[in-house]
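Here the chain labels run A, B, C and D in written order, and each chain numbers its own residues starting at 1.
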Amino acid sequence: MKNPEEIFNILKEKFGDAIIEFASSQPVDPFITVKPNEIDKICRFLFDNDELLFDSLMNLSGVDDANGKKAAGQNGDNIIEGGTLSVYYHLESTKFKHKLVLKTSAPRENPEVNSVESIWRHADWHEREAYDLFGIIFLNHPDLRRILMPYDWEAGHPLRKDYKNPEFYHGMKVPY
Amino acid sequence: MALKTEQMILNMGPQHPATHGVLRLELELEGEIIQSVQPHIGYLHRCFEKHAEAMTYPQVIPYVDRMDYLASMYNEFGYVIGVEKLLGIQVPERVEYIRVIMGELQRIASHLVAIGTYGMDIGAFTPFLYCFRDREKILSLFEMTCGARLLYNYFWVGGLSHDLHPDFVRSAKEFVKYFRPNIKELNDLLTNNRIFIDRTANVGVLPLETAINYGITGPNLRGSGFKWDLRKDDPYSIYNKFDFDIPTGQGLVGTVGDCWDRYYVRIQEMEQSLRIIEQALDQLPDGDVTSAIPKRVKPPIGQVYSRVENPKGELGYFIISDGSVNPFRIKVRGPSFVHLGVMNEICKGHMVADVIAILGSIDIVLGEVDR
Amino acid sequence: MREYLNNIWTALVTIMIGMKVTFKHLFVPAVTIQYPDVKPQLPERERNRLYVNMDDCIGCDQCARACPVDCISIETVKAIPGEDLGKTSNDKRKALWVTKFDIDFAKCCYCQLCVFPCPTECIYMTDVYEFSEFERENLLYDFVTLTPEEREEKKKNYAQFEAQKAAEKAAKAAASNKPAENKGQ
Amino acid sequence: MIYNFFYSITGSLLIADIIQSLLPLFIFILPFALFAVWLERKVSAHMQDRLGPMRVGSHGWLQTIADIMKLVQKEDIVATENDKPLFNIAPVLVFVGTYAAFAAIPFSSAYIGSNIDLGIFFIIAVSGFVVAGILMAGWSSNNKYSLLGAMRSAAQIISYEIPTILVIITIIMITGTLNLNTLSEMQTGHFWNWMILGGPQLGIVKFLLIPFMIIGFVIIYISTLAEVNRTPFDIPEAESELVSGYHTEYTGMKFAMFFLAEYANMFAVSAIVTVLFFGGYQSPIGYLGNLLHLKWLIPIEQLFWFTTKGIFFVFVQMWLRWTLPRLRVDQLMAACWKYLIPIAFVNLIIIGLITLL
């Protein structure tokens, strides 16, 4: 049974600069921020290491941090430029019953994060949902398609803070 | 020249009697044997997470009810615990007891729907009506306390909307006494029925490693023989005050982790919920249920992941607050969304009739899959 | 061979048990009621159609703000000082004419969040559940007791009162800076 | 007897023959099918603590007539993709296959459609039409589900013919006649003369036969259940998998034909079982007509006994439908080929030896 502090130290000396920082100031859950292109190696280590054994991914959620600058888009509506889209991983070990929260953030223009689908098959659909609703591209994911929205929805990614509903979809009026 | 056979793509389409809602299963068939199952979801996507970002914290509760509309009380339970953790509120004892009683009643109601529709998927129509007859009694209990039968908006952040109705305790005890023999009747009609056993034993076997790797939780995970229940392993609210045991699948009829085990775990869980309700009704303290409800819910900047043992599995709320009245982001980890992902894995090599049996045994609700 | 016979035996026995259960239920009285003739009696906390008692409504817009689906829309007009709008049941003075108070029951999700914040408890849920309509527009209920002309009249009075007040202020302002000018010279 | 009665009135053979063959259809079978639909809805309702149809007529007895009228005026949709001739013939074939079987069934000593000598052989042969009709329906409605349903039902009905025929052979071995009328005549007297209790002749043979007769009855009852597509064998129109199998695409009068054919088939099958094992139209406790010496009363009593036995077996079929879940297709085949046929063969051999005694 290890608390997130010890796990952070283990990861820090194993992966060095790939682990950016350990934030425990805000209420409730402390989390570790990690570089996006290293995430799968870190998760493989967390999965295999026999004193950690994070064998179950509880939840994988995409978040639009909306920390970029407000700017006027082409057709006048304000869009956010710069800033990051981040992905939170809630991991858990059913053997040792300890939990961990990882966070990676990728730039808004081309958000690329390595996929952890090969480690936890559970991440497959969650990553497809994060791609569908946020546009976060997961590298070497078997079939990264939209999952909740219609497959040919080309009006962007709905859960982004600067998302505008399209006027028509296949001739059907979208906003009622 | 070998006979050229090509696979038949069968669309168990959005409008199909056995898909528990609006789900399209694309089956690749070789004669009657399944090569692959490709679920297509999104037909019931109502953008809960986008709505939640525009609502205040109390206003999100009616939306949370509508996700898994068969277990609304438990959806509220998870959300309310998460926000209370963020705010750091401690609710009075009576509220905790009422929440446990309502949660367990909702678990029985949700399991009754699961078992009833499962019997109908296999072809036995009568157990479905017996289950719904008993479920109506639970719904009238809910209606007596908060006025609604399916979508309650009863758990509020920091308390409850109404206190218990004066003769709720009496009619709840009556229900427990009335319902116990009916479980035995269900066993006679379905569980031990030889044809039901033939249809469900050794069908859709979910081995334990794939279950954990796919993030399967709740009755489906316990059906595969793993004693994992959040009420005991990651206790929330006051579940540590009650003694109840966790039924797991022992493979009494076929291998461990087949459809029959998942079904039988749900039947035993109803038994355990009755025990919890009885204990909770006896130790119910007095007090005011609305004392800890804050006038304006404005949690500090931060994020929380709260998870509860929903009747379908582990329901998790990842709430990020930016200090304003509206939540910045709510991500819901719905158990049905996860359980549907494993369909392709366990349906290979079975027949068309088994796909319906497997889909019924993992008990999904499309409202929660699509959110 | 033994397992073969056992299969047959368990099959027949369990089928017989199942049939015994359903046969027993042939003589159990029916649980259902014949709906249109026999109406189900509902508990008193029933949450169905909203009702607004307009005499008590002070137009404070609390319920419209609390509603998650924004199905309540209220417009109010300030009363001219001379008018007396009467008192609510718990004798609060009313200061606003409510010229528009309609609830769209097609959108309402019956969550009762609007009933709790109302200071005068004038909005509450009744147990009327048979109010389906053929057109969706008919589900837009208008609760205001004033006739349309009265509403126009109230608006006109207020607008006219506003104009008058603005004119006075302009006159006063003109008067005040005139003496300033004299002082200035 | 009815035949020469009509012959004496009309004077021409052809008309008398037509009237006699149509008589069971309009007097008995159609009203019975309507009654059976109502009975099924009421039985299923009360078994599930419901009330069933109560609104159309007191206790809903007009409900089925209302259903038929609704179905008649419903639009008869024939999709462009269906191949029309097959699509239209299919319900007729199923209807014909079921109603033709009633020609050889003795309703009472005074009345039998056509007293042909190979009665039971004719019935088995004619019920082959049903399979062809179902296959046509499944194939012509150009819908994957119907095709699957039709394939399954063809396999099911054909493979369940074999145990039925085997058990019929055992009865014929004992009684020696194919003619159902004489078969019923042989089972006169009280219920201990019925075939299920060893048949008319006395002595050791009768008591030896009883257990095997009961086994034979159970086998034929199960396999006729499968032939009529009733639970637990209603796979062709399994609602939860194949939406409703071969008659998914049918609407209006064609669907009504399938619907009535199914209920008439239920009665036909239970009629065969009553004639073979439960003494056809013989009354278990002697006739009132004998006591009151009214000769004309006996055929009416026999008709009464025949219908009560038939309806009892139809009730048991319904009772099974609302209790049991559905078998999967391969379990269905396994049940037939691994369980019913071997037992039927063993039963056949043992009864053959007993009749030699």
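Here, a residue touches a chain if its C-beta (ideal position, glycine included) is under 8 Å from a C-beta of that chain, and two chains touch if they have at least 3 such contacts.
Please read all numbers here as calculations on a predicted model, not as lab measurements.
K.L.:
State the smallest step count from chain A to chain B, taking one step as a move to a touching chain.
P.N.:
1
K.L.:
Which pair, C-D or B-C, has more C-beta contacts?
P.N.:
Here the pair linked by more C-beta pairs in contact is B-C.
K.L.:
From the C-alpha centres, identify the chain that is farthest from chain A.
P.N.:
Farthest chain from chain A, going by C-alpha centroids: D.
K.L.:
How many angstrom lie between the centres of chain C and chain D, each centre taken as the mean Cα position?
P.N.:
Centre-to-centre distance between chain C and chain D: 60 Å.
K.L.:
Roughly how far is chain A from chain C, centre to centre by C-alpha average, rounded to an integer in Å?
P.N.:
Roughly 41 Å, centre to centre.
K.L.:
Could you grab the centroid distance between chain B and chain C? Build each centroid from C-alpha atoms only and quote it in angstrom.
P.N.:
Here the centre of chain C sits 32 Å away from the centre of chain B.
K.L.:
Taking the mean of the C-alpha atoms as each chain's centre, how many Å separate chain A from chain D?
P.N.:
64
K.L.:
Spell out, as numbers or ranges, the residues of chain B touching 2 or more other chains.
P.N.:
126, 133, 189, 193, 195
K.L.:
Could you pull out the residues of chain C that touch at least 2 other chains?
P.N.:
Touching at least two other chains: 7, 15, 18, 21-22, 25, 31.
K.L.:
Where in chain D do residues touch two or more other chains at once?
P.N.:
47-50, 322-324
K.L.:
Mapping chain-to-chain touches, which pattern fits: line, ring, star, complete or other?
P.N.:
If you draw each chain as a dot and join those that touch, the picture is no line, ring, star or complete graph.
K.L.:
Mind listing each pair of touching chains for me?
P.N.:
According to the stated criterion, the contacting chain pairs are A-B, B-C, B-D, C-D.
K.L.:
Going by the contact rule set out above, which residues of chain D touch chain C in the complex?
P.N.:
43, 45-51, 54-55, 319-320, 322-324, 339
K.L.:
Within the complex, which stretch of chain C touches chain B?
P.N.:
Residues 7, 10-11, 14-15, 17-18, 20-22, 25, 31, 42-43, 45-47, 66-68, 109-113, 116, 125 of chain C touch chain B in their complex.
K.L.:
What residues of chain B sit close enough to touch chain A in their complex?
P.N.:
Interface residues on chain B, with respect to chain A: 41-42, 45, 47, 49-50, 85-86, 88, 210, 212-215, 226, 228, 233-234, 299-305, 307, 314, 316, 318, 320, 329, 331, 333, 337-338, 340-341, 345, 370-371.
K.L.:
For chain B, which residues count as touching chain D in their complex?
P.N.:
The contact residues of chain B facing chain D are 8, 10, 16-18, 32, 119-126, 129-130, 133, 189-190, 193, 195-196, 198-199, 351-354, 356.
K.L.:
Residue numbers of chain D touching chain B in their complex, please.
P.N.:
44, 47-50, 144, 148, 231-232, 234-235, 238-241, 243, 322-331
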